[in-house]
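One chain, chain A, links the two complexes that follow: it is found with chain B in the first and with chain C in the second.
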Partner chain A sequence: MPVDPAMKTTEQNLRDHFTEQFSDLTQSLNGGQVPEIKQLRSEAIKAFTQKGFPQGKEEEYKYTPITKALLRSEINLQSPAEVSMIPPFNEHLLPELKGHILVFWNGRLVYSSEDFPESLEVQQMDQLGADREDLMVKYFGKISNYKKDAFAALNTALFNHGSLITVKENSKVDLPVIIYHLSDARNGLVYSQTRHLVVVEKNAQVTLVEICKNLTPKQQNFHNTVSEIYLKEQAKLQLNKVQTGCSGMILVDNTDINQLEGSELMCNTITTNGTIVRNNLNITIDGMDCTSHMNGLYLAKGTDHIDNHTLVDHRIANSFSDELYKGIIDDSATGVFNGKIYVQPDAQKTNAFQSNKNILLSDKASMNTKPQLEIWADDVKCSHGATTGQIDAEQVFYLRTRGLDEQQAKGLLLYAFATEFLEHISLPALSDYLEQVIADRLYRKIDE
Partner chain B sequence: MSKDDQILEELTSSEYKYGFETAIDADEAPKGLNEDIIRFISAKKEEPEWMLEWRLNAFEKWKTLKEPKWPNVKYPEINYQDIIYYSAIKQKATPSNLDEVDPELIETFKKLGISLEEQKRLTGVAVDAVLDSVSVATTFKDKLGELGIIFCSFSEAVKEHPELVKKYMGSVVPVNDNYFAALNSAVFSDGSFAYIPKGVRCPMELSTYFRINAANTGQFERTLIIAEEGSYVSYLEGCTAPMRDENQLHAAIVEIYAAKDAEVKYSTVQNWYPGNKEGKGGIYNFVTKRGICAGSGSKISWTQVETGSAITWKYPSCILKGDNSVGEFYSVAVTNNMQQADTGTKMIHIGKNTKSRIVSKGVSAGKSQNSYRGLVQVMPRAENARNFSQCDSLLMGDKCGAHTFPYIETGNKSAQIEHEATTSKIGEDQIFYCNQRGIGTEDAVALIVNGYCKEVLNQLPMEFAVEAQKLLALTLEGSVG
Partner chain C sequence: MLKVENLKASIEGKQILNGVNLSVNPGEIHAIMGPNGSGKSTLASVLAGRDSYQVTEGSISFLNQDLLEMAPEDRAREGLFLAFQYPVEIPGVSTTNFLKTAVNQIREHRGQEALDAVTFLKLIKEKMKLVEIDNSLLSRALNDGFSGGEKKRNEIFQMAVLEPRLAILDETDSGLDIDALRIVANGVNTLRNKDNATIVVTHYQRLLDYIIPDFVHVLYNGRIVKSGTKELAKKLEEKGYDWIRENETTIAG
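Up next is the complex of A and B:
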């Protein structure tokens, strides 16, 4: 049932709409034949119907009025129609960045490389073979936060497209796997959902890049994506989330990562625009000697709203996690950061560090940060730090004594502040592209 | 309301209908909370009409509020109809000398280094004539009176200085601020009132006076401190001596008003009964404390040492409204056995060039849970606001928890906010070092904890700092080894 445009849409309307959509679609949703998946989907819709979209003072969405934004926008809530003609998308890809490419257009896969090496298997979620059923039953929905997060629940219940990526034991995938999400509102505003499941088997290694882009920046497309990623023993993953073309978008990204013994994770998230961008990065550490690095950079301007929520749950002893998120907030934009570290009673000898640094450039900019530690084990070293301020006047002065004018000095310092992020990205082509994005952004500021 | 509550309420109010008139001299109100009880409390305290109205209004607000569920503490549901909201001080049989007092209590006093005379006073032993506490108190009162300082019980202030009470009561903590504040506003028993006139520097710690004249203020304490332009006062609440109290629920309110260039220093040492090792009994300490730096250049400083209570839920806060005003919060919260603490502060920067500093030290041992929860909020017009926060947690044993929930909301680019937190355990090397030098493990822990808390303890008035140090060691007794 489409929502009556004459009637003022309320959260209840939205909720009802999706609940009804679920009962209409139950049979056609993929995986509908597998009882476990079917069960999971109905649990998810139940959780969603009960909880609804976050409202009011709900702690997790306290600073991010995402439901209001959804109600204000005129998104067509019907799932987008089948793509009859594949639009040209080449111009939207990063030409220098080579890898195994998947392109999703408004939530549907429109292109996939075919030259996958033997160690890598990529399948579409809506075309899974029967041989993948076991894998789905074993991993799908197991670490997703759908019981607590309304968007994850909505995705779990109603997604139809996405990818299943597996990397075989003891192998290394040389080229990165690159997933593009393109939203295009030329035929009306788009609501799209994608779902990815990644399993990196024992001692395997891979690099993933996820690039999200709004091709019609003035239109408020809504994209809701969930990724579940499993790192088996000694597996290594570098995950790069690139949200540099999200102007006008409402984007909710739930990424849940589970790490087993000795695995290594490097997760880099960069956001440079978006009406509302909300990243939920949840990492559970279920093995000893794991390493998890999380880096983030957000540059917000205009009325952008960028929200990063991260959670590292140390359940087993002897692991290490390190987190650094940096932000520059300009104009009337808002930044939100919430970093949680849990150290469970059994996770002795855990070292967990977290840092969040913010610079505000304008009187109307605001930043809400909440670094949070919850610790139930005693033999640990945990710390967090958070700062919000302006560029250090002494540093500006130093540069000015070297002959730079104030604008140049500030620009240089901002640039240096931001580009630290790039040091963690091992793909030169991506790193160069992002450096250009940051430079364009911050040097333009200098010229003004 | 559940059926049981309904029946209970009917019962309690019906009891009033028939029995109250004659029972007017009773020292105790029946259980339960309703308008009649509030009228009863107000009548008992011989309050003017406006005070009663104020209480009733608060009661109306309370009925609309919900008990907060967000603190990181767990306790069984409180039945608010099963509480006695008014009871006069009971005259207990006074022991004639210290030999008759519980020897365990005397042992504790000795460890804290409390003087013999004071031990007698605290245990209710009749004090000999030479050191008559009443006369000392009177001397203090005269001295304060000369300077125009008003320091009396809250009930007295309601009668003697209604214009001041009317003006400031509820101006910092509004009646409907939160569930427990509304409850306190409706049924508060008594508390202290202090007024420091313009330009006066209070010559003594008001604590000194307080210790000698400590009155039983009951479970719903209410304190109001008003510091006029350019004045200074230091106030100490509580006592290092263990306080046994039958009332499980304590919901106090402290309001501080600081005018231009005034400075108020408020120190708390809280050592209420924490319950036994299994977590049975113990006080629920749900307190709303807030100060407003209303004038420019004013300063409010909170220092707290929290070692008691089964559950502590308090956030002494500063509203930095005046330009150039300063807020400070120094806290040591120690939890052992089954204690739970959720404490911290709020610093609301409204004026220009406002500064705040937060130093919080948590120590958790046994099976306790210790949380720091704080808010630093910089309003868009608060130019050049500056905040520094540090919250450290120390863990002893693998059954306890330490948690930090700092909220930092910055709405002005010129703000400079720094927050840092660490969690760790006492270094084995440090203990080993002490052992090597002949210091037992227990003493070593006390030594290390005292060093760790020093920054906060240094803020306490001298004589209390010494006692507080001993108190920390005492609270952690038996938590190692």
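Up next is the complex of A and C:
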């Protein structure tokens, strides 16, 4: 923090700090910037300066005190330094998971595969070719709402790194694109931002994996990432967000996805730790016959805090969305789920389903769940349900009468509850890894 | 093998068992009959160790151990098995999946080596044949969406795999079609030997044509008010419980 450490940092200090950072940044960014994006940045910082970080009363963040956590933390909020030496990162990648790999280290690209197929184009935000300008103007900042969300505003104003990924019309990228975000606070507590833009063109197909990891889990850091993803007509995307190494992180992930006619989305988000993790997943359905599946699994323990906010906005008729988020909350951890479904007047014949199921393992664990359906069309099928409870005692008793002890019975039930999530992941190497993470967590807890 | 003495148990402050006495020896088959709500499942649950019941008086010894002091899993490991009247649905856990853990827990308890995957599957196949159960049922989530009869058949399958010393079948015949009834009975008879025993809770004489009991008991108002041979079951089938009810009132009065 640039402020006097003897003084108590306030939200205003924090806000001023980023506003100042913005004026430094505008000087340092060279003339290569597209005017439209420059304009967007200054609008975003204006919005941020006015609005500031979410505070107590703000509805969208009322259960998730990120601002307080930021103020409490001693994260160095200076714009992260250039990476002078590429740190060894191989050991932090999933060895079995093959694909086109991008590795970001404290918000900066340190490695990129080079063998991209013809159907896949990947460029970096700070080195965009002139041929990408039209694309940027057309898509960048169009679905991420900096007016609504302070973290999106901050990212839009100050981003410097991230990838622009496009998948060509009528093509299928066979291997997944895997983006690692590694945070490393060994040389000081870290703040980083990344910004991605993904365009899956007509009838194209790709699988994305985003893996977020704190390499120094005992030390805090703040990662603020924004992704905008466009699925054009008949495009197919599987997006897997893997937040399984996020101990000590304050992680804010804004992902906005826009779907056009006939496109198919499968979005899987798993979070197994984090000081505070907040995922905002916003999907706008702007075409007929779209399918959107959203699956989530969160396992919170200690004092971790995991918050998933999702929004599906059905604007056009005849589409289908369904959502299943499950959580297991232990110790004094907190889970938050807020699922909004909007069905606009033109979105007749919409089918929209949502379900949130939670198991609390301790008296001090808490879960705030809020489904929010707003339906302005009359010919629709929508449903939602949320449950929060303990492990079913009848089920535990049944298994014990078969010879399993109480811990084994509970472990088996929790494992079964959690691993349903894996059915949606089409990459065996990833689902094997996640199965191990889940088993270690749920059975180890049981062994304690 | 099992000795229940003056067992009194209640749930949520309501007394259900009012002094049950029952003695079961190795090799025997006992049938327990009695009107709805008389406490048959309560007795079965107390034997299996369901902790929502409070035992207020009496004792149970099983293989010379104090059963009431034992956790449900230890009872199972010692060889007690309950086929539930209403088997619990467990989404996400298949029969094969949890039975492997169960079998190996029991084996470990007996000082036997754990079964490897291949041997376990062999065992499963063999028992599948015995109760004519389909593999697809065993790989589905336990009892989740099973028909009433499928659930019962699955209970007997588990019994066959776990080979208990004392099996308590709580209305396993209810909801079974005629063929399934024969299969289940055949399973019980095949597994029967001089060292194990079975308690069948049933409402129908029909099952007892297949599984021939050594003793028939009538549980009424939480007590065993009458015991006899298989002839007693026939009499009940003919005359219902009214005559016992009258007897009972005279005894009570």
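In this text, the second predicted complex is superposed on the first by the 441 of 448 C-alpha atoms of A that agree within 3 Å, B and C clash if a C-alpha of one lies under 4 Å from a C-alpha of the other, contacts with A are read in each partner's own complex, and residues count from 1 in each chain.
As a working rule, a contact is a pair of C-beta atoms (placed from the backbone, for glycine too) under 8 Å apart; a residue touches a chain by one contact, two chains touch by 3 or more.
Keep in mind the model is a prediction, meaning the values are calculated, not measured.
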| item | value |
| --- | --- |
| Fit or clash - chain C, chain B, common chain A | fit |
| First, second, both or neither for A:Q348, with chain B first and chain C second | first |
| Which of chain B and chain C A:S383 touches, first, second, both or neither | first |
| Touching partner for A:Q408 - first (chain B), second (chain C), both, neither | second |
| Per-residue contact with chain A, leading partner among chain C and chain B | B |
| Chain C, chain A and chain B - angle at the middle CA centre, rounded to the nearest 10 degrees | 70 |
| Partner chain(s) touched by A:T419 [first = chain B, second = chain C, both, neither] | second |
| Chain B versus chain C as contact partner of A:F397, first or second or both or neither | second |
| Which of chain B and chain C A:K218 touches, first, second, both or neither | neither |
| Lowest C-alpha to C-alpha distance for chain C against chain B (Å) | 13 |
| Shared chain A contacts, counted only where both chain B and chain C touch the same residue | none |
| Partner chain B, residues of chain A touching it in the complex | 59, 63, 345, 348, 358, 360-390 |
| Interface residues, chain A side, partner chain C - complex | 392, 394-395, 397-406, 408, 412-413, 416-417, 419-420 |
| Residue ranges of chain C touching chain A (in the complex, touch as defined) | 48-51, 71-73, 75-77, 81-82, 84, 87-88, 90-93, 97-99, 101-103, 105-106, 109, 141, 158, 162 |
| In the complex, chain B residues that touch chain A | 70, 380, 393, 395-425 |
